[in-house]
Amino acid sequence: MDAEQKQVSVNNERAEAAAGFFPLDRFNAFSDGVFAIVITLLVLELPVPPSTEPILPALAESWPDFLGYLISFAFIGGIWISHAGLTRYMRRGDVVSFRLNLVLLLFVSLLPFSTHLMVAHMHGADASVAVAIYGLNLFMESALITALMHHAARDRHLVVDAVDDERVNRAYRQRRTYLILVALAIIVAFIAPLLAVGIYVALAVAFLIQPLIGMWRSH
Amino acid sequence: MDAEQKQVSVNNERAEAAAGFFPLDRFNAFSDGVFAIVITLLVLELPVPPSTEPILPALAESWPDFLGYLISFAFIGGIWISHAGLTRYMRRGDVVSFRLNLVLLLFVSLLPFSTHLMVAHMHGADASVAVAIYGLNLFMESALITALMHHAARDRHLVVDAVDDERVNRAYRQRRTYLILVALAIIVAFIAPLLAVGIYVALAVAFLIQPLIGMWRSH
Amino acid sequence: MDAEQKQVSVNNERAEAAAGFFPLDRFNAFSDGVFAIVITLLVLELPVPPSTEPILPALAESWPDFLGYLISFAFIGGIWISHAGLTRYMRRGDVVSFRLNLVLLLFVSLLPFSTHLMVAHMHGADASVAVAIYGLNLFMESALITALMHHAARDRHLVVDAVDDERVNRAYRQRRTYLILVALAIIVAFIAPLLAVGIYVALAVAFLIQPLIGMWRSH
Amino acid sequence: MDAEQKQVSVNNERAEAAAGFFPLDRFNAFSDGVFAIVITLLVLELPVPPSTEPILPALAESWPDFLGYLISFAFIGGIWISHAGLTRYMRRGDVVSFRLNLVLLLFVSLLPFSTHLMVAHMHGADASVAVAIYGLNLFMESALITALMHHAARDRHLVVDAVDDERVNRAYRQRRTYLILVALAIIVAFIAPLLAVGIYVALAVAFLIQPLIGMWRSH
């Protein structure tokens, strides 16, 4: 940037700030930080068998921990990709989108807790409640990213350009399907908690094996 | 950037550095990292009920942990938004702003400790001290971001342009109101600690529900 | 950027997103976050001798912990440099590369667990299994970064330009050599686990001392 | 950027990569991440007094923990500012600078361990060793950032422009003074460990109070 361009840019920034807008760089950096930490903290919950025990049987016995790790990793990764997909279309934020994002990150940050709770109680008397709370956490995350999409799509100042309506509608349909499946899993949790876990696994696996299918197709 | 522009930019950078200025990219990245980690570490304090206990009564009993989680999340998120709001107006930093920021981040990093302390002692004999220390932590955070604002606003080299004075004054008034309310809570802590906690909750809730009101208004 | 350029840039971004492409900034930021956290979490496993014990003998006795710390630090650092080296050639991502990257980060995140497992069992009856699992983790990481390279190199839309074929082939040869050495260590683990650890150490040391040799040569 | 500029930029990137250069964006992002995590992990070591004990005497008794927290925070913050100050002058990295940086971050990551060690043994029989190890950690950090400065300053391809020699020499002098003071503290540790701690405190305080003096002067 030469001096004149710099001046234009500086004036733009001032006008942006005066109008109550926030640049997205810190929105993205902070969100990426929270997603990266949450997805990495999950590993702290994995139990290392004590040195006196044979490893493979001990690991096999703690399969719920590894299952919880895998599906939570997939869900956090999935929401992160949705978040990065959304901000592609945004050119700036406002106070509302910054705060909605914080509430979204609140539920993202809770996922290691919900995972630990579900894993610890999966074979206990209170499995239904634990499995339902996990589903509720997923549901809230997804509801909040949908709210963020709504807010950005409604306010034409925030998106890069008049966004293709068909594309927006397709994204809404996908989110709605996901929300319905998670809501279904929450209900199922009270009848057959392990079946509800099966729905979570199916959603997570569908997300994790897709890259391989995608690779196959694209070559 | 073509070669000529690159040269201009490179010379600018050199001149900036020679004058003792620092670019803001690392200031922002480091701050975003610390805020993101602190806000996420809070979840490690949440107690998972053991698998032999029913979940909901156990969770209900540890309500101070969840309350502490929520309000600390809101306060850290709130300071982060203030920080991002401030750096919108800044175009570079200097050694003083970098060090002031470090002292600010020192108090931000202490919040998980203060939260844990308040939560553990909320029903104990020493609740007043614990609740007051939490308030003191909030107060120091806010005082330091105010000092950072002062430093940036006074030094015309650091801000994007001669900043709108009315806007600066409004920001100062907001910070002063917040500082007074937190100082009040610290005093109240020595008379009725749970009432002081109530003030923290009110401040945090006011911050957390604002996005929903904002959404309502803007559509 | 002046207004016209901004318009071009905004239109580009929209076209990019419509074609299913993702900008790399968040891909890089999220990956850097995960690498940084994983490499730093390793320190939490290092045992501090209790205050009643003499320090040096206690530290000497827990040499496997420090060895594990060093080699895992070197391996994570090495994969991070490979990752940064790869994204130099990329100009954007797609859904497949984002998901492949997530699977890569899954194995990166597991390394503190595998390290802890290997360290705890290095002198136990089940050392072979522990050392082989560590090798498997390294192998999967390397296989996934190779898959990411393959995907990027095959899809001409993702790389900065028609990349120099010789350079790509050299990178593949390096990765293949590394994969063969790690596979060898996994086999050796079942015959002589400490020898397999020796191979890991050799690979890690080769990586860590290279900068010093590089410094020597370049001056 | 318009299409032509983009082409130039893309070709530049390819030429950069072909010549073995790395862009600094990921170098900075990864380093900022590690610094931010290390500085924040320190808080996990602070002991929360149990709810049955009065808070202030318990906190007063664990003063070495808080002292360790403060000085390690100041040292990590100080090295981070030096690091950000150095990369101001750099326009790209190479494999050597990336690996030297990793070795630097290895010692930065060890600081929470060294801090914990020093704090736990400060009143023990082995205080000298613990205090000396802490000093050794500080020394290695500082030696490595000096090596990184040397490497960047010697290779004219890495710095933004022929850097002002006087400025480089001043930076070297500052680092040399710091290294001598830390080496002195290591020697003192074997005679009077608490005096060595005093030197660390003096260095840290000098760093922490400087912003306030700086504020005073600049207004």
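We call the chains A, B, C and D, going by the order they appear; numbering starts again at 1 in every chain.
We take it that a contact is a pair of C-beta atoms (placed from the backbone, for glycine too) under 8 Å apart; a residue touches a chain by one contact, two chains touch by 3 or more.
As the structure is a computational prediction, the values presented were derived from the model and not from experiment.
> Compared with chain D, which chain's mean CA position is the farthest off?
Chain centre farthest from chain D's centre: A.
> Since chain A and chain C are copies that touch, is their contact same (over half of the numbers shared) or different (under half)?
Counting shared over all numbers used gives less than one half: different.
> I need the rotation angle between the copies chain C and chain D from a CA superposition, between 0 and 180°, in steps of 5.
The rotation relating chain C to chain D comes to 90 degrees.
> Per the centroid of Cα atoms for each chain, what is the distance between chain A and chain C, given in Å?
24
> Rounded to the nearest whole Å, what is the centre-to-centre distance of chain A and chain D, using the mean of the C-alpha atoms as each centre?
33
> So which stretches of chain A touch two or more other chains?
Touching at least two other chains: 1, 29, 33, 36-37.
> Using the touch definition up top, name the residues of chain C that touch chain D in the complex.
The contact residues of chain C facing chain D are 1, 5, 8-9, 28-29, 32-33, 35-37, 39-40, 42-44, 46, 48-56, 70, 73-74, 77, 80-81, 84-85, 87-89, 91, 160-161, 163-164, 167, 207-208, 210-211, 214-215, 218-219.
> Mind listing the chain D positions that touch chain C in their complex?
Result: residues 1-3, 10-11, 13-14, 16-18, 22-23, 25-27, 29-30, 33-34, 36-38, 41, 94-96, 98-100, 102-103, 105-106, 109-110, 112-113, 116-117, 120-121, 123-126, 129-130, 133, 147, 151, 154-155 of chain D touch chain C.
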